[in-house]
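Shared chain: subunit A. Partners: subunit B in the first complex, subunit C in the second.
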Partner chain A sequence: MSMAPAAVQAGRRTAPRPPAMMIARRAVNRLTLPVLLLLPALIIIAGLVGYPLVRTVYLSFTDTGLGELIYGGSTWVGLENFREVFADEHLRASLVNTVVFGTACVVGTMVLGFAVALLLNQRLKGNLFFGVAVLLPWAVPALAASAIWKWLFDARYGFVNWALVNLGFEGFADYAWFAGRWSAFVAIFITVVWQSFPFVALALLAGLQTIPKEMLQAAAVDGAGAWQRFRLVTLPLLRPIVAVLVIFSTIWDFKIFDQIYVMAAGVPDRSADTAAVAAYREGFALSHYGLGSAVAVVLFLILLAFSLVYVKLIGREGELG
Partner chain B sequence: MRWVLKRGWMYAAMALVALFALFPIYWIVITSLKPRSEIYTRTPDLWPSDPQWDQYPRVLGEGHVGRALMNSLIVASGTMVICLLVSAGAAYVLARYRVRITRILLILVLMTQMFPLVVLVIPLFVTMRKAGLLGTYWSLIITYLAFSVPLAIWVMRGFVMSIPEELEHAARIDGATRIGAMWRVVLPLAAPGLAVTAVLSFLEGWKEFLLALTFINSEERKTTPLVLQTFVGRGDTDWGAVMATSVLYTLPVAVVFVLARKHLMTARTAGAVKG
Partner chain C sequence: MRRFGLAVAALLATVVAACGGDDNNAPADKASTGGKLEGSISVWIMDPGSPKIQGVVNQYGKDFEAANPGTKVDIQFVPWAQAHDKFVTAIAGGKVPDVAEMGTTWTPEFADQGALLEQPGIGDGEYVSSLVDAATLNEKVYGKPWYAGARSLIYRKDMLEKAGVEPPKTWDEMTAAAKAIKEKNKGVYPVGFTGLSEHMYLPTIWQAGGEIATQEGDTWKSALNSPQAAEAIDWYSSFYKEGYVPKAAVGWEEPDAQTAFINGDVAMLIAGGWGYNSIIATKPELEEKIGTALTPTGPSGKGTAFAGGSHLVQFTESGNHELGAAFIDFMLQPDQLNKFTGEIGFLPGTTAGIEASGYLEDPQRKPFAEQLLKASAVYPPSPKWGGLEGANIFDGQIQKVMKGEQAAQDAVAELATKMDEEFAG
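Here is the complex of A and B:
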């Protein structure tokens, strides 16, 4: 549109003025294809993620129960639900569980993942076998993994108790792992780490393989020991990928649902529930949809903070182009 | 002796890790082959005295696991097909058009990967109920698109970006339209990327539990994770059946993972998304 006056000013009055209509049409033509291609995906994201998100935030300010959820007519209660989230013992505990248990899982996963990546990078004999062995737990769906470990940690017939007793820990005969909050967390922690260390290990291995051998050799020539080489050469070079993996593990372990829902179901007073499970239960089991939404919103805000850090981080790395 | 000191401990550590990774998988397989008397014993054997396969036909038949696997297959395939159709074009546009809005859209796509599903599930439940879709395959296929489409867009965009744009320019100079160039040049070259994306979106549907738990209200439509949860949730769990079901449920995924591990790793690290 702005081209027309420019042409006039240039004194080319005799030249046919490009009609505004045509320019507009050309722009529309150029944009039609990308817009058409983007539209279905955008509709899906807006409809299935955007709308429900806004709706949940709205619900978290209302006293919606089952009736109101289906027929409408809920009343606005302001921040009442959020006050309740932090006042209610069970819900507050679920938030604490999320942070403590989630952080423990992230640390466990990262430490084991890093150790395995370094081992795989040594190119030992049988590396292919180790690589596949380490990959397999990642392939096990969460529900199957929960079932497997629940069986391994079974009080009477479980392998873990049998092995512990045979190793001399007599106290573990018939030890009920899922009868207490902390012992249940130990079992679930092992399940989660078992499932998530493969990804971290293989991603870090890919990172390790990009480090030029010359740099490590040069450091060795300068007299750096194995630990110094790791701390002063390897770690700084891997920092970006480590940061991304930490953030991703955090998001993943904080929102974990399946394993907790299945494995923590029998823990007395539901004291091992995390925020995701508590939000779900508050809604669908107790019909407190407003309160459940408030728990979900709090969890969402925690994760949003991590997501923003992540987006900033990869934005800086220039991966978004 | 020096070798033992220098490398030996690494082999020992690696063996320990392999044991940790593989033992649970080994244990489900042999538990599924043990007769009842050897499962419910306080001195478990590391090897079944007399491996029996009858657990498998039993769960597939009366345990309704066969039907559940079929339900999972239908839902996961439906998700995969629609997801690919919807995301391929979007991934192409986000890879090729570099304008400010592209960046915003990409961040949006990425953020959707980080949402806890529990934030979305209540409104989705209401919508599905209003639409009369509760308890149907469609309720799952449609809602699974919420997280499989962003993942697919992100992974496929990486693949499209690795295809040189000059090839498309060349095709267009030779008279192809933009769509023609996409169809004849980009699509064939992006085939491996499409395959990886297909696998990933299939697995999203295969593994999903939370939404299935919420929407499915009849025995006939239960997907495999729901059946497993019912088994484990019971007071008197039939562990032989649970283990046989877990083996059947995991086997296809494990095969795909081992065969396609290089590609999966590239795709997953590109998106930095894990399942």
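Here is the complex of A and C:
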């Protein structure tokens, strides 16, 4: 990007100054092609992202129900829906769940992803096989994975309880994972992390392989131990990749839907619902489209805030580098 | 440029002419289709969960197509658990089926949205009357009763014998039987009372002598904030608290409890004739081990169960009302109807169908028929009821009581408030 203006200026200095008309026409010509090329993508983005976003924000300020959605005639209620989002015990809890559980999932995914990437980077026997095997959870559709894990955690017939009992934890005979909020979150956490670490691991592995061996060897010669080499050489070099992965993971884990929809449906008082599921249920089960949209808008704003913070952080990294 | 303009003008002229032609022909078209049926309809039927019953329904489509050449019936099966959401999405998106099976408690809700077509020609005594009531909104009927049923008690004879108890006839006997079964059958839970089955726990309120809601003019008012309702929820939850119900059942839906019964993990279950049929179909060797009885009676002396069932409805936005109506009438002919209800374990929704069913002569199935005809009631036919059900507002509170996190009296008081909010909104 920074090269282009320099080249243009250089060209201008050598050539004779063209008349103003010519400059204007050339500028238009220069702009027409990029705009034309971008247009199809812009139209699709405006239609598929822009319109739903604008419409959801609009709905969140109205009292739209099913009837109003079909025949129109909803009324503007201002910030009433947003007041309700924070006043309603269940909706407020779902926002807290989103932030706390989402953050836990991001941390879990990053830690496991890093560990697996470092292992795969060790050039051990059979690493190609493990590299492919690690990808498999990522290839399973989230809905199918949730159903499978729900069975694995089944109270009487699940593998998890069977294994725990056989390992000597007798208390897990008929243990009902989804009968309580915290145990349900443990089961869902494992499912989410299991599904999202492969992407993180492979992206980090790619990053690890770009680090010149000489640098690590030099550090070793200078007397740095394994942990110091990781902390002082590897981690700083991977920081841009890590930052991007954290943003992606945050966005994915905060708007998590499938796993919660399938696995948390029976948790007492729906106390393990996240904002995405709560918005869906408020809209489609109760026909409170206005309130459901308000939940979605709040979730959107939370994600926007997190993303802006991260983008700021990356920007600073770039300047320092 | 001028040539281009001419071309556009010519094109526009053609389009206008075509439109005009359409307009002129439309009424004539409508009039001419009166005699002969044509076109295609899409039909949504709730998934009965058995390939055999799906076959019966698919056969309706084939037989109807054969009887009416030039018609096409496209049948899709929708799982009950997703059906309410799916209807809402379909109506909101304008992509409705032409004919659908609809749970009786949803019909007033969707009729109130203007999504359903009024059904004319509902004669007196032709249909099961409580099901016609359930389809009625502002004195207009929006669905034709297809089938109906009420839940009764299903139990494992061998497990009750081992515990030395008779099938319970009252609440107290049920509690005592549960205690005995727990002691004598290792690894078996006496009862399959779950947290996500309002058709199991809400009727206990009737059995205790309470009401769920009462009509006040145009709107409904919750009647849950009563000692009877609290007593009912307390009794229902006591089984979970005592360990007579699997710990996981607080998050179970009815099919989960049925699976547990089939696996021999649960000895007594509140289930309908359809559940009975599906249990036998899954594990035929259970047939001789299973007994059936009326729902145990509560302190009021009543053993009232919920009369559930289905309507066949048509949507206003359907493109072929005439063919849809003809297909519904075809499905409701007594001999056609009994092919389905006999298989699925429900009673037909038409009086002629019930007479042809022979249900009352079968000892195993007789309790289900008696339950429906003599000891059953319907939930308030309010347009808001479907939304209340869809949002599971009851489940959360019942789960809290089951887990001992809230007293039953507080739970029903909170529920009454939530219900009144929904009725009013």
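Descriptive notes on the structure:
We take it that the second predicted complex is superposed on the first by the 265 of 321 C-alpha atoms of A that agree within 3 Å, B and C clash if a C-alpha of one lies under 4 Å from a C-alpha of the other, contacts with A are read in each partner's own complex, and residues count from 1 in each chain.
Everything that follows uses one rule, which is that a residue touches a chain if its C-beta (ideal position, glycine included) is under 8 Å from a C-beta of that chain, and two chains touch if they have at least 3 such contacts.
Because the structure is a prediction, the values reported are computed rather than measured.
Shared-chain residue A:299: touches subunit B; no touch with subunit C.
Judged by the touch definition given at the top, the superposed model places A:175 against subunit C, while subunit B stays out of reach. In the superposition on chain A, contact of A:37 is made with subunit B only, not with subunit C. With both structures placed on the common chain, the touch criterion links A:45 to subunit B but leaves subunit C unconnected. Of the two partner chains, subunit B and subunit C are each touched by A:69. In the superposition on chain A, A:258 makes contact with subunit B only, not with subunit C. In the superposition on chain A, A:26 makes contact with neither subunit B nor subunit C. In the overlay built on the shared chain, the residue A:284 is in contact with subunit B and with subunit C.
Within the superposed three-chain model, A:146 lies in touch with subunit B and out of touch with subunit C [touch as defined at top]. The partner of subunit A that touches more of its residues, comparing subunit B with subunit C, is B. The interface of subunit A with subunit B overlaps its interface with subunit C at residues 69-70, 154, 156, 265, 284. Within the complex, the subunit A residues that touch subunit B are 33-34, 36-38, 40-42, 44-45, 48-49, 51-53, 55-56, 59, 69-70, 112, 115-116, 119, 122, 124, 126, 129-152, 154, 156-157, 159, 162, 194, 196, 198-199, 202-203, 206, 244-245, 248, 251-252, 254-255, 257-258, 261-262, 265, 276, 279-280, 283-284, 289, 292-293, 296-297, 299-300, 303-304, 306-307, 310-311, 314-315, 320-321. Chain contact summary for the complex, subunit A toward subunit C: residues 66-67, 69-71, 90, 154-156, 174-180, 265-270, 281, 284-287. Of all residues in subunit C, those touching subunit A in their complex are 84-85, 88-89, 91-92, 94, 112-115, 195-196, 246-248, 250-253, 260, 265, 387, 390-392, 396-397, 399-400, 402-403, 405. Subunit B makes touch with subunit A in their complex at residues 7, 10-11, 13-14, 17-18, 20-22, 24-25, 27-28, 31, 39-44, 85-87, 89-90, 92-94, 97-98, 103, 105-112, 114-127, 129, 142-143, 145-146, 149-150, 153, 161, 178-179, 206-207, 209-210, 213-214, 224-225, 228-229, 231-233, 237, 239, 242-243, 245-246, 249-250, 253-254, 256-258, 261, 265, 268-269, 272-274.
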